[in-house]
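Consider the two complexes below, in which chain A is the common component and chain B and chain C are the respective partners.
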Partner chain A sequence: MSQTRAYLILAAREVESYFLAPLMFLVFTVFLVLNGFAFYLSLGDAAGNVDLAVRNFLGGSLLFWINILLVPPLLTMRLVAEEKRTGTIEGLMTAPVQDVVVVLAKFTGALCFWIALWAPSIVYLLILRGFGSLPDPGILATSYLGVLLLGALLLACGLLASAVSPNQIVSAVLAVVFDLLLFFFPLLSMQMPQGALRRGLEHVSVLFHFQSSFGKGVLDTGVIAVYLVGTALPLFFAVRALESRRWS
Partner chain B sequence: MIEVRNLVKRYGDVLAVDDISFDVGDGEVVGFLGPNGAGKSTTLKILTCYQPATRGSVRVAGFDVLTQSLEVRTRLGYLPESVPVYPDMRVEEYLRFRGLLKGVSRRDIGRRVEAALERCQCREMRRRMIGGLSKGYRQRVGLADAIVHDPPLLVLDEPTSGLDPNQRLEVRRLIQDLGKDKTVILSSHILAEVEAVAEKVIIIHRGHVVARGAPSDIVRELGGWNRIRVEVKADAAAVEGACKGIDGIGAIRVEPLTDGFVEAEFDTTATHDVRSEIARRLIEHGLALREMTRPGLSLEEIFRRLTTSASKEDAA
Partner chain C sequence: MSPAAARETFGAKRKAAIFANVVLMGVLAIAAAIIVVYLTGFTTVKARFDLTRQGTYTLSAETERLLSSMEQDVEVITVFDRSRNFWWDTEQVRVKAMDFIADLLQEYKVRGSGKVAVTHLDPITQNAAILDLFQQLGIRDYNVVIVRGATGQRRVLGLETDLVDLDFGSPEPFRPMQLLAYRVEEGLSGAIFEVTQGKPAKVYVTNGHGELSLNDARDRGLTAVGALLTQDNVVVEPLALNVAKAVPADADAVLILGPVEPFLPDERAAVEAYLRSGRARLVVSIDPFGDTSLDPLWQSIGLTLERNVVCHDQGGTMQAVGASEMVVGPQAPGRYGSHPIVDALNESQRYVVLSRSMGLSASAGAENTFTSLMTSHADAWGDLPAASGGPGNYKWDANQETKSQRTLAAIVEPRGPFTGAKVVFFGSDRWAWNAFMTASLNQHARGHFDLARRCVSWLVGRRKSIELAPRRVNQVFSDLRPEEYDDILLYIVVYLPLAALGLTILVGFARRR
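Let's look at the complex of A and B:
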């Protein structure tokens, strides 16, 4: 059987299971409430400047970062760890499907849910019209691209955490630790003396780039490349983690 | 269909499978027997490409499980020991998903799911969530999953564990039915299970094959200890006294019955028939003999002896 077909079947099942899981309804609800509140605060702080409001809402508020760092682990903790705990992994890995297809399908499911979480916030922007003007479409587009890319990166990390954990709890904790490390990277680089090390650290500080690039409407291919590599690497290691049962 | 050669599997320091080889021909139903922890599940996991062997080779339908894993996997239906199924899916939906994943075309999937539901008798449960099913139905759904893509080979790991006697009988019938047109390898630690469905058994113990062949052949070959059972009106001492010194008689076990009779069981290693000699001795001693039978050693007992005594294991 073609592996593309297997990918589509598995991905469809993954997406479906997100929208049928009770926990995900809860996550969705809490996320919408928090995000709505974040939007409300952003508007207040911007004092009528819609571009500033968008920048606050997408990257410039504490609530944004809480959502960004804590929600992906909730989405990914189940992915592989739960299959290992219940043993369904055995049925999955003995079906004629390659390990990489399993990982990509699970990643796709998580990414689709991530997009679904953020999609309603586009409605908020219509509200901005009430203030007289729409935000700069360039900033808007790059900011959402940033949310997508950063989400992909954190979901990939979470998927890796899930693949190396025996159960959901360990998986979630591990993913949060991952995310916090990413968050502290830029803080660490700011404490460093000027030099190659600091520049290198800044270069890979993905969260640092979020505001300096996406938040300003700038599309920097270097930054995008760092995000994409940061997504691909954990996915690659997740495949290796799945394969590790075959190592003897 | 299956060729296992010098298979070794080591988990760290534990040697789970120690150099076993066996073949399963097309269309055969083979029982894989052994006490818990003998290496049955490990061997099946290697066969289904879930885990690699430490050493040795396994070929399924001519394909190597390590290098041509996908080819092997499209040809087998596997029921793992714990019957893992997604609890949040409906039975029909689950079989549909699994069937498509295992290569059934969208055109055929409806028919295949229907056939699997029918064969495993879980049609009435098709709309139910798997999480809410009884153990017996879960097992059937697991079996339906194993056959939904109509594979030529079925690998069933303890397909009847945890079921009540009625359900066991049903699953046994189902396996017999499936065995008509498929190659089946099933594991169990209950001998009667396997004896009922398999034309060939492989008994493994501590990672070694200790016996193989048709159940009746194993009984014949390994049933070297014959037994003679008599009912006689006497006490234990009298029976032993009467039969002392008969050539080829081993231990005598005497159990009292209710009406003054006892049941005595003789183990014999004699090559000639000692029954008439026993009868003569008992009657000479004036003991009333009312029954004499030769029950023979059942496969169950051979299995127990093979898997409890270490010395016999090496001999076999």
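Let's look at the complex of A and C:
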């Protein structure tokens, strides 16, 4: 079996498992309620300015960041940790599938569910259009791209947390800690004097980029690179973590 | 070596090799990540695309060039008070303007290659720092953007005076505030240019003749103008002509504002020598009842001071305005002329009140260029007898007063022995008083602010480093009724999650079968 085919089968299995897990029904519903409420509040806060409402909804409200902080760890906590707990990981490890394929398949599954979580919010915009006002398509496109890239980054961190944790609870807590570090560590730059370190920290600030780029309708290759590299690095270490089972 | 020991040694070596491999790969991965982030973030590989419908965040080519050629660091500090608002600002246009400025500043920061630092000070949580800064720079009110260069040069930009054009509307009769246009990029880029590549102008203010004083904070003082010019990257110093005997060589301009006592012969000679030097740049504001000792000098450059008080019967249309107060503005009966000093006032619909002003006119047969900056109503009259030392009765006397449009402020560029001199003349000193400059946030104060700055800027030859058309930002607004908001809430918080939940369960059951 080729690795590509193995990847497709494993990714399909992961996607299916998300949509069949009762916990995910709950996550999905709660997420939609919170998101809907966030959109409603954003529209009210923006005093009818639909572009501003979109910016508030996608990156400018507390509810958005609560969702962003808590949902990815919930999605990824079981990915590897649960397989370790139930022992099914042994089967996976002994199958003729490379570790990188396993990690990528699990990541793909989580990312597909993340996209599915956000897809219904397109309906909000259709509703707005029904009432006669459509936000700036540029801001919409970059905001959703931002949500996708940010989701990928946090899911990758969650996957790494799951790969190094013995169970789901530890995995979820560790993922939240990773996310908090990712959000708040670069903010130390605000206390630093001008210089290379400050510039470097500012450049990897996920919070800053969301407001300065995606949320405004501006696409920056440097920002995209930060997100992509930030996604690839935890995935790389997740592969190493899986491999480590073979060394012992 | 026994087979068990050999196995153990082999195992230990294998583990060490794997460990070394993992560490090495990890370090290489992190190094590769840093290189990619560096290349895409800090080099020319970086690209930024503004996808907004109106190109809202696209900086002009001039600004891009300025930012890329900057050699000094620049600090931009905003002090915006979003909580203080006018009740008739129903669309919160000032808050929107503040948000836009903050957004555009991010662009400056991102494109400034690390040379532009942006700090937003919050009036509630960082009040001590703000007060400290305000004291240093002589700033009186919130809603300013401070641009500071590494060499200590600075510009202070006011929200309403420099960065946005607002129609202030009115509470009575109700007319909501409106945002006319943004001048944010022009203001910010101009300020950055000045503090990094310009040099501060030096302006002297004469004293010793009862002039408005730079140290007098009372109504008839000049502290507001002094602070304003200082914030505009101008060094302002007093000039005692009786001591200095001549205008200093480093003077970019001299202000003679409101003298009431006569100039001594030496002082008159110093002013005349300055006028003859070919580099004279003067702002002169003299009250109708003020000093007359320099009148012959003004006459010799072709300017006649009429020594009357220009009055107008307001006809009840301007209730708070007396007969001797001329409100000059684009929509007022008084008018601006056509000159860089007043063009922007005209465009941004700002007003100036010239209170108790005398008329000015070009002397008959004079060789000069006489440019009228501000004129009265067409049917105003020059009330007499102002020259006798007391105010007139401010009533039209058909026997000795004729009604016609009067010049209240003018620029005289004489020829002959005075060639090269430029004099901006006002027939009243009151426009520069603290009382008229600090009427916080009202239309007139902003006009007077602008007038003072533009007079000096024009005289010292400070050109705008960047000329940009005002940016009009059209945002899309929904016109939802309250019941439609409720419908939206129902759709997206109840129906949609329920539908999604039902669909997911159905799919789940179908898959299980």
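Simple rule for what comes next: the second predicted complex is superposed on the first by the 244 of 248 C-alpha atoms of A that agree within 3 Å, B and C clash if a C-alpha of one lies under 4 Å from a C-alpha of the other, contacts with A are read in each partner's own complex, and residues count from 1 in each chain.
Please note the rule applied: contacts are C-beta pairs under 8 Å (C-beta built on N, C-alpha and C of every residue); 3 or more make two chains touch, one makes a residue touch a chain.
From a predicted model like this one, the values you see are computed outputs, not experimental measurements.
Colleague: Have a look at where A:V204 lands relative to chain B and chain C in the superposition and call it first, second, both or neither.
Modeller: A:V204: touches chain C, not chain B.
Colleague: Let me test your reading of the model: by the given contact rule, A:F37 touches which partner, first (chain B), second (chain C), both or neither?
Modeller: A:F37 contacts chain C only, not chain B.
Colleague: For A:T86, decide between first (touching chain B), second (touching chain C), both and neither.
Modeller: In the superposition, A:T86 contacts chain B only.
Colleague: Among the partners chain B and chain C, which is in contact with a greater number of residues of chain A?
Modeller: C
Colleague: Could you say whether A:P166 touches chain B, chain C, both of them, or neither, answering first, second, both or neither?
Modeller: Touch status of A:P166: no partner.
Colleague: May I ask you to decide whether A:L20 touches chain B, chain C, both, or neither, giving the answer as first, second, both or neither?
Modeller: The answer is both, since A:L20 touches chain B and chain C.
Colleague: When the two structures are overlaid on chain A, which partner does A:R245 contact: first (chain B), second (chain C), both, or neither?
Modeller: A:R245: touches chain B, not chain C.
Colleague: In the superposed arrangement, which partner chain does A:D51 touch: chain B (first), chain C (second), both, or neither?
Modeller: After superposition on chain A, A:D51 lies in contact with chain C alone.
Colleague: Go through chain A and flag every residue that touches chain B in one model and chain C in the other.
Modeller: Correct list for chain A: 20, 247.
Colleague: In the complex formed with chain C, which residues of chain A make contact?
Modeller: For this pair, the touching residues of chain A are 16, 19-20, 25, 28-29, 32-33, 35-37, 39-40, 43-44, 47-52, 120, 123-124, 127-128, 131-139, 141-142, 194, 196, 199, 203-204, 211-213, 216-222, 224-226, 229-230, 232-233, 236-237, 240, 243-244, 247.
Colleague: Quick one: which bits of chain B touch chain A in the complex? Just the residue numbers, please.
Modeller: For chain B paired with chain A, touching residues are 9-10, 45, 48-54, 70, 73-74, 76, 78, 80, 82, 84-88, 97-98, 100-103, 145.
Colleague: Going by the contact rule at the top, pick out the chain A residues touching chain B in the complex.
Modeller: Touch list, chain A to chain B: 1, 6, 9-10, 13, 17, 20-21, 86-91, 93-98, 245-248.
Colleague: Any idea which chain C residues touch chain A in the complex?
Modeller: 15, 18-19, 22, 25-26, 29-30, 33, 36-37, 39-42, 45-53, 56-57, 73, 91-92, 96, 99, 103, 106-107, 109-110, 114, 117, 475-480, 484-485, 488-489, 491-493, 496-497, 500-501, 504-505, 507-508, 511-512
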